[in-house]
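What follows is a single structure, and I will ask about it in a moment.
Chains here go by letter, A, B and C, matching the order in which they are written, and residues are numbered from 1 within each.
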Amino acid sequence: SSKKTWLDTMSIRGYVQVRNNMTLGGDRHIRHQADRSVGENTNFIIRRARLVFSGDVSDRLSYYFQPDFASSSGDTGNIAQLRDAYGDIHLTTDRVHRLRVGQSKIPFGFENLQSSQNRVALDRADAINSCCKDERDQGVFYYYTPQDKQEMFKYLTSNNLKGSGNYGLFALGVYNGTGANRSENNSSLHVVSRFTYPMKLDNGQIIEAGISAHTGTFKPNRSAIGGITPTARSKTDGFSDKRVGLHAVLYPQPFGLQAEWNWGRGPQLNDERTEIKESSLDGGYVQAMYKIDNLGGRFGTLIPFVKWQYFDGGQKFETNAPRNKVNDWELGFEWQPVPEIEFTAYYSALDRTNVQSSPYEKYNSDLLRMQLQYNF
Amino acid sequence: SSKKTWLDTMSIRGYVQVRNNMTLGGDRHIRHQADRSVGENTNFIIRRARLVFSGDVSDRLSYYFQPDFASSSGDTGNIAQLRDAYGDIHLTTDRVHRLRVGQSKIPFGFENLQSSQNRVALDRADAINSCCKDERDQGVFYYYTPQDKQEMFKYLTSNNLKGSGNYGLFALGVYNGTGANRSENNSSLHVVSRFTYPMKLDNGQIIEAGISAHTGTFKPNRSAIGGITPTARSKTDGFSDKRVGLHAVLYPQPFGLQAEWNWGRGPQLNDERTEIKESSLDGGYVQAMYKIDNLGGRFGTLIPFVKWQYFDGGQKFETNAPRNKVNDWELGFEWQPVPEIEFTAYYSALDRTNVQSSPYEKYNSDLLRMQLQYNF
Amino acid sequence: SSKKTWLDTMSIRGYVQVRNNMTLGGDRHIRHQADRSVGENTNFIIRRARLVFSGDVSDRLSYYFQPDFASSSGDTGNIAQLRDAYGDIHLTTDRVHRLRVGQSKIPFGFENLQSSQNRVALDRADAINSCCKDERDQGVFYYYTPQDKQEMFKYLTSNNLKGSGNYGLFALGVYNGTGANRSENNSSLHVVSRFTYPMKLDNGQIIEAGISAHTGTFKPNRSAIGGITPTARSKTDGFSDKRVGLHAVLYPQPFGLQAEWNWGRGPQLNDERTEIKESSLDGGYVQAMYKIDNLGGRFGTLIPFVKWQYFDGGQKFETNAPRNKVNDWELGFEWQPVPEIEFTAYYSALDRTNVQSSPYEKYNSDLLRMQLQYNF
């Protein structure tokens, strides 16, 4: 028998996103925590530069190793930092039951789990995304996926239907709760669970709906505002941090709809900016899209879309957990002239908070957002 | 003739270690410089996330390029930093004589040279490991390995016998002495030499014993303790930094023993914490293990082990070179249900110093240490 | 039809440079912004440790992804940071017209575009190199290369003739202007254009000559000198930053000559060190070399060379944009005993400015510079 080589158990791929945003009107000094190229004194940035090393070592172990080379440390830009580093231990060799251990995405919501390589809009909606820094954390997650649903999850991503990938019909996990690439700062683990169900309608179109919930204790970073550091009369270990979310997706065959909403409680800076308190939060988004394949016979795939998002709640991973109020509209398209090149352009009416620096101002700005993505 | 492609001269592999430690008793605020997941307010961490790019370019050049993606810079976690980046220039095409130039492991001791991927205990013993930051430095090393011993070193690692890999029967090298990934801070080079001899007994079991020594001048970093920076009445360029070590290994076929001890002198903060002085140091470890293959017919390999380590000396790579007193016991097992998955769990009675921050307290703690490792 | 795998669209290669410089005479505390191993308290360093992931995904997209693992962030050394991350979108499938988008080299001059893997001298000449931090920036570049010249550019690099690679006969681009891996700090883009023409003489030798120009607005970083931060009475957005350069190359078949000069204006600290002003700059270099293949029948390739460089102008990417005066000589050789190993050694008479820290002193030093490079 011939011995396995590394090529039997590893494949490498990657993608790069280059962005440029133009402020068309409104507040020109807007800042957007998800995109440093929004606002004044900006031009081109590399938003993501990823390499993925992955494979099946055996019928017991699959792995996924993904650094991003567009991360930064202080003023040092475009350094390599882990996104994923996990193994899937297949408890059964039919891959129905598995344990994912390491740093990986937290199974909460839908858009969080969908790859940035596949998402139509440039950034995830704040309402859901604010649950989980970089969507990921370090922990242990159990996933249950029957074999027919394994096929269906695969079909949805490999046919460019903007699927989430396989995060199980059912998921249950524990994780630090401090966010990807950050050290734990209390002794309590977060717990998350998710149930989702994709099914094919009689007309062949696929729909999916589900529910997620997480709970834990979160200790936000604090720093002085106008010389005074906000107080945080929490339990020693932090604030209660819990959410429940719903998601529903009609996959774009050709018309698609995607909606999520979540409600919860977590740390939030009060309006006087003197104290962080446990507060309620809620928000979500609705997105409609239409997938036109084989555009004009030879111009590839075009996906016009419109998205509305809303959020009112504490942005816990930002220093002082400031309150973020978001009410954004996006209207535009993703165009794939060939599968390996994607160009996205859209008009965006932003109504949101600068959550990165005090006094946490609100902005109203109109942007033209553009991104070129390479898949290799 | 067919042209060589990159696949003829490169292969890629990797491994990931995920840890979790539980404090069972004793001082709960213990800190361990080798594992940030020991102590209060900790849960999961990724201890190592490595990719190795290596190969033979020709019969004159082999290379090894290994970044670790679980390094950090300030608060920025899980970034990529070099461990190894060297070439082996084969002075003779039979590979008996070679020069290793770049960043690589310093040939001192045995456990330092054994890969963390293969080691049974989660961390190396401080007594030997304190010689060499991350076991590595930048320099030039000559290695002499007769062909039969090349085979033997290879046999010991590829058969899961916890070998060190081939660092020569004889080694002689010069290196900066400031540690891996750190800039040189004086003009003097360290010199290291090592002799080791593995041999097969009549019963087929392999034993190995050897001696190492290094000498150089070391200039520790200093910072204020209670407002006062310790003085360092050294030569301008630093303190004498020299050690001699012995190692002996009975490879686990199935019973194994491993022991090392080293003695030396180097910089050390005095007990009053006012001055760094040249002081003596000594310490080592003894480890017994038993390798059970094909456990219960289908449960893989189990290696129960016990380890005791002792150290009393300056931890030169830590700021102010504090005195580290260690007297630790470890008792547990490494289990490989399949070769690509390793789970290690053990009870550890720690009696050691917090060498990372003043006042450099002593701790006594009982831990349950656990690690899951993926090899791909 | 057989499906493409990742091996059809990706190949991986790399190189590592290890250096050591000895000060033979003159000012021993010299500093050189391009090489931290020059000066006091230095020994071995890894100057570059690169991996290149590249390929043609289709006749519409090529990509190039190159991190360097010898970058640093503060005191954290040898971390991974992007050099290149771009796609070439082939507007025509004959690759005559293409757009390069992402982070890539700015098409200015000749030596800037020549890979460090191929360059004979250890560092680029300051006069040209000071235009472009790490030679690169984030932007969009159009390249025009007729098919016969595509072949010629390829011939010049693949035959070890120290070519630049294919940056077009004609290039036109826009980019941030703040340098590779740095955030844009004003709203204006830089514009660059270049024309170069390689041609084969009747005797078979290839010559090349060309012209480059760039213009933009540059805002330097400032910090206090002796407690006082220099003023910068510029337009709000920065100083005019423009250059025009000429280059000419006679490729080493076997005798080679290479020369460049550029003239321009940009920000520069005044001699009193109180104010940054727009000032003129000029400088360049001349290099002669001789390529001896198959040395002594079996000792590989030897390239003796001599290089003179001159510069007088502001070093805009350094804090406070200090004036740099350079008048350096280099005399030595590059030796490739086998193609995968290169050893460079030369005498260098340096007459230059410490541009990294105030008071920006001038140095006169004689060095022996050495580098070992591995190609894999």
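In the analysis below, a residue touches a chain if its C-beta (ideal position, glycine included) is under 8 Å from a C-beta of that chain, and two chains touch if they have at least 3 such contacts.
All values derive from a computational prediction rather than experimental measurement.
For the two copies, chain A and chain B, the CA superposition rotation is 120 degrees, given to the nearest 5. Shared numbers divided by all numbers used gives the overlap of an interface; between chain B and chain C this overlap falls below half, so the copies present different residues. With centres defined as mean CA coordinates, chain C is found 38 Å away from chain B. Residue numbers of chain C whose C-beta contacts span two or more other chains: 7, 12, 67, 73-74, 76, 79-80. Of all residues in chain A, those touching chain C in their complex are 7, 11-14, 16, 18, 36-37, 40-46, 49, 51, 67, 69-70, 73-80, 337-338, 340-341, 372, 374-376.
On the side of chain A, the complex with chain B involves touching residues 5-7, 9-10, 12, 53, 55, 57-58, 60-61, 63, 65, 67, 71-74, 76, 79-82, 85-87, 89, 101-103, 138-140, 175-176, 180-187, 189.
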